[in-house]
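This is the structure I have questions about; it appears just below.
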């Protein structure tokens, strides 16, 4: 009984989370108590600072001698979680930083809220990454989702924003309910909400509950596919992305998605990867790979027809969700156990590519007032440096060497090959080629079309900086992938951090 | 002399120096940009010449090897027994054999000429030359890379600048052409990439077991893969066992092989995949087409030889007749369609298809002479087509058209250029004494040994070639002159230099083939020995 | 007290399906939210049934249910708030008219 | 038998329904029925009713409903904790402190955002 | 009664349960009539009037007469009303009020049902009546009724939260939500009762109860002067009677809850008074509370709506939250002193 309980000493391990909670509370109170005339921008800076502090704590927690298990192993501070948390922190940090140039008083009325809502959302993502228990997983998921619903709706007077928020809410809630339904069955067969116990229950009496295990896992997969916006459960994504304020869109595209992936990864691998019946693992992986394939095909093909860059990014996000699913479905083979590094590396690349793309989109939105792809026309003449950054970002998104996107795909493909998922790899490459068409469409617009050349675009500082940082890191990732990957291999332990084989 | 000198890296990345310089030159100094670019390409050319001269003609295998660990990272091996390390390795490793040296020199030459021919470019010099030089880096790299991934990276590196070059500086339908180029080649490289990856995950899997150490790694190193495939019967790729996931089964071998053929076939282009190339040839700016037709197409053939045939000699040997058939189809199809074209550019485009058919036919022979002929044809066609497109560019700049019916009698107004055109036409149709003759002769000679019927049919193509080339060239030079064509100026110096240089090399190859032959001999010999040896072992 | 779990699971499944159907087909935004709540409550029923008659009965299911209840409440609160916002800007709560982003 | 308690509860529920039904049935038997049109019009201080009866009412009601939902459900966590308070340690109290402080921040938020001000009917 | 509850259920037991329940129902009906009679009488006295004195001795049968009048009155349903809901609403309002009584213990061993979440049951059921009131307001299709209904609902939900949170302290001290156990936890005399350590909770609970009951000074939903009669403006006859019935049963219920939770239930305040039976003590205390409620009505003016809401959210809710920690501190100090 005593092990169940949280001790004061355990709080040290929760410092990143506590930082976020305290910052969120303090900032909200601060926002409330300050008079209206005070500019709320400094709350954004404080948000950024608290994110960084939290990030420092996460870094300090990296590579512990022994993974820390809190509350009877329902909350884990291990390297899987810490690495994912770093991704969330970096993503959210960029989103906040970009927002400084985006938030305008006449559109977003609650500037304070806009900034500090990022904190509980990130906290939700943290909880999703750290949990090994259905309850905490679900709570984290909802904390993230519900905060995101609000953030999408923050452009109060914009009908699109409202519509997007409502759609997101309904779809998100349905997905949550489906996930929950699956979870309830897992609980039913094991009498426990702890993932390790559930795995043991599946392993010990699989045959008496075969049907329920299948139902539960497919419900989970369906629900989580909603959350990562993988086809065929992606219908909400384009509308929501379009309607949301652009920094929030990038938050959804990067942090929300990454968090849902963390949850999928943890659940699928703890429950099914090892120590259970091969047949159920195979079935789950097959289902995931079908979703991955569908996401890649539908995402890329539909993206071809988009005129709005935001929607295009949404569909590209769908396709990327498919790519990111590949290392998860690849499972293991004789000499292939590096699913997580493949996944994480591409996720990092995806983070920078997407954030960069959104930064450029925001620059365009500010100058042209719309998010149409045609707005890129002649960008090379109007803002050559931005166009340069965008070219690098787009090349990375398209997966051209030598960029992070290329190497990310390379590792994922290599993993798929090593596990004999040839068809999946083939689909991935074929759809990548399809993607060339629309990614290079943007390049075409920037370099080959002439827009209104007389009008030069004023690039806001934070957006320009973000775009260039992302472009440089995107390319740097391509040249020195081994730096990250070797570090990752040193830090991350498959058996201890992901499979929880104790 | 050059044994420990990183000459290859120097060549490959010498254009980058130019890129750096160009970045710091303000936009409006157009001529300065051009001068820098030309100088840089000339430097590369000189370096390539040094390489060519220093190449040990009697050395077998790769020379001037440079190999550095570039990307090497650990993979997770917690669940694999006593293995001490599992890693993935991607080396920065360059090396050249005779084939590569020939292609590198060709690249440097054509690129330098194309840089000079870039007078036709009227806008955005800076970006143009930056991209041009990047393209050159990619092309050098492709011919030198000794690692599958490195090869792929350089291969892709040629795509992007080319896309821009076509899309920005091309003619009316440039964007469409650029797109088509991108998608077709992208598809090709994707297929190639799949094949590479399967190779790496099977034949690239190597283990080294020594006292207490058990290292295994995946690598894309070409030598390593060759070693695992052919010399090492204990490598996992060769151990038939249903549980061995690294086993390269016969089906898998065939799959990879066919994928490679398709991938490089698109680039070459082999008959059903050729449509994109016509668009590029008609829409791209002349200097770009020089590069494209002169070198980029050769990358397909190079890949076909280096990866298709040398990795899977037995398979290639078994379907040698398919190669021959495809070669014949290419020759005849290209020739017949070239015959009916009304536009000079299209004539040349189809002629390229036809000439690439000869390469295929030569390869299909699977003997030394055939292969030598094929490689000769690569070089020779590279020179000839570059020259032809250079002239086309000059003519187009002056007349604004390349339609045969609207050109004619240009010999009167610009005799020099027409003379060059005539020479190149003659070279193209294989007049003895010019490079075209040697290559076609060798290729047909080789092919006749193995595929008699196909070769005889293919010879028809040679006659057709003569017909369409003469038809077009004579129409341009001696046909009825139209009013507006009388006052055209002849070639400027900046055009004349590349023309003369290219002609010089064509003639040199024609009358003294040993220049090239010396370099190729040992390599081709190795290839031929290797193929027959392996094919015999398989019993093909 | 002998109980079989099947009826509870059946009821939960039926409720869940009704909720899902309603959430996907109903026109009125409020009804959609109600349907979502119905789905969540079906799950709660499931959990409570399992916690009593499951393979290994335990209290955890009930605790899970408590969490679900509160989360569902928050969700519906936000949902209503957004719906009100939408109604103010658009003048309707009919979800079939939420289509300003269709091309 | 613990169920007995709930059976008693059920009896009470049924009984109250029976009472209601009985009263209405009894009333139907006893009361007169003399319909006339004015009896069936909506009452509006004797005037003719103007407009719709089901008018749009103030948004404030919704806000209070939302507040209620949040705070009412949070008690779900307070009660189990309160019941087990004696068995839990000091740390549980600290945790509940945090929880209640968060609730209080929520209240403060609503307060400052003037949700709690009632400014019309 | 208690021992029957622990036995296997038989038809005899079931019949006994039913009989006891019916007995309680009859008692409640009589009680309500008396309540109304005394309210009018006391109000009269406080206002220097006589109050009902014509029907029966001292006017005791006045309420019975009123009920009979309502019973034989013509019952109209407005044409525009939503008929089903209109009919259903009063039942829904009444039903929980009586059902709550199932869990109230009246004396040691004298109770109907002994549920271990009795408190929660009582408080949550009282919330259901709100739905009936909103339904009434909505289905009448009348502006007054609608506004009255909404107001009433807003008021009730606003005050439900302080009520619920204010008893958390009691639950902490008792460690149970069983009402019987809560009373047993206060066994002894008045210094053992909860209202002393729980003084904040007690005050909050009493004030919020008054509001829950829609009684002066918080009787805004009915505010005759502005809303005619609030949500039941369209109701007449016996449907109307049910609202009154529910209201007066709630008066009893909440008084009983105050007594049970805070005022020691059936325990005598002084050792000297132990000779008086438990049930009588319980009833005496309830009567006192009811008297207090009537007294309030006679004394205080009606508050404004914004004051009402402000009081609930800005005063009572924070106070009730504070109460939790005060209780925790109190218990900590107490156990520290005792544990030494």
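When the chains are written out, they are named A, B, C, D and E in that same order, and each has its own residue count from 1.
As a convention for this text, a residue touches a chain if its C-beta (ideal position, glycine included) is under 8 Å from a C-beta of that chain, and two chains touch if they have at least 3 such contacts.
All values derive from a computational prediction rather than experimental measurement.
Visitor: In contact with subunit B and with subunit E at once: which chains are those? Just list them.
Guide: Neighbours common to subunit B and subunit E are absent.
Visitor: Would you kindly say which chain has the C-alpha centre located farthest from the C-alpha centre of subunit B?
Guide: E
Visitor: Taking each chain's centre as the average of its Cα atoms, which chain lies closest to the overall Cα centroid?
Guide: Ranked by how close its C-alpha centre lies to the overall one, first comes A.
Visitor: Ranking chain pairs by contacts, what comes out on top?
Guide: Top-ranked chain pair by contacting C-beta pairs: D-E.
Visitor: For subunit A and subunit E, let me know how many angstrom lie between their CA-based centres, rounded off.
Guide: 52
Visitor: Using Cα averages as centroids, what's the distance between subunit A and subunit D in whole Å?
Guide: Inter-chain centre distance comes to 41 Å.
Visitor: Measure off the straight-line distance from the CA centroid of subunit C to the CA centroid of subunit D, and report it in whole Å.
Guide: Computed value for the inter-centroid distance: 20 Å.
Visitor: Could you tell me the distance, in whole angstrom, between the mean C-alpha positions of subunit C and subunit E?
Guide: One centre to the other, that is 33 Å.
Visitor: Please list all residues of subunit D that touch 2 or more other chains.
Guide: 3, 65, 72
Visitor: Could you list the positions in subunit B whose residues touch two or more of the other chains?
Guide: none
Visitor: Can you list the subunit C residues in contact with two or more other chains?
Guide: 74, 81
Visitor: Pull out all the chain pairs that touch, please.
Guide: Listed in label order, the chain pairs in contact are A-B, A-C, A-D, C-D, D-E.
Visitor: Spell out the residues on subunit B that touch subunit A in their complex, using ranges where they run on.
Guide: Subunit B residues touching subunit A: 71-80, 86, 88, 127, 149, 152-153, 156-157, 159-160, 163-164, 167-168, 174-175, 178-179, 182-183, 186-187, 190-191, 193-194, 197-198, 200-201, 205, 216, 218, 244-246.
Visitor: Going by the contact rule set out above, which residues of subunit A touch subunit D in the complex?
Guide: Where subunit A meets subunit D, its residues are 5-8, 25, 28-29, 32-33.
Visitor: Any idea which subunit D residues touch subunit E in the complex?
Guide: Subunit D reaches subunit E through residues 1, 3-9, 11-13, 15-17, 19-20, 23-24, 26-28, 30-35, 39-45, 49, 52-55, 57, 60-61, 64-65, 67-68, 71-72, 75, 78-79, 82-87, 93, 96-97, 100, 103-104, 107, 110-111, 116-119, 121.
Visitor: Okay, in this complex, where on subunit A does subunit C touch?
Guide: Contacts found on subunit A: 134-135, 138-139, 142, 146, 149-150, 153, 156-160, 162-167, 169-170, 173-174, 176-178, 180-181, 183-185, 187-193, 201, 205, 209, 238-239, 242-243.
Visitor: Touching residues of subunit E toward subunit D in the complex: what are they?
Guide: 4-9, 13-14, 17-18, 21-22, 25, 71-81, 90-91, 94-95, 97-99, 101-103, 112-115, 120-121, 138, 140-147, 150-151, 153-154, 157-158, 160-161, 164-165, 168-169, 171-172, 175-177, 228, 233-234, 237-239, 241-242, 305-306, 308-310, 313-314, 317-318, 321, 324-325, 328, 331
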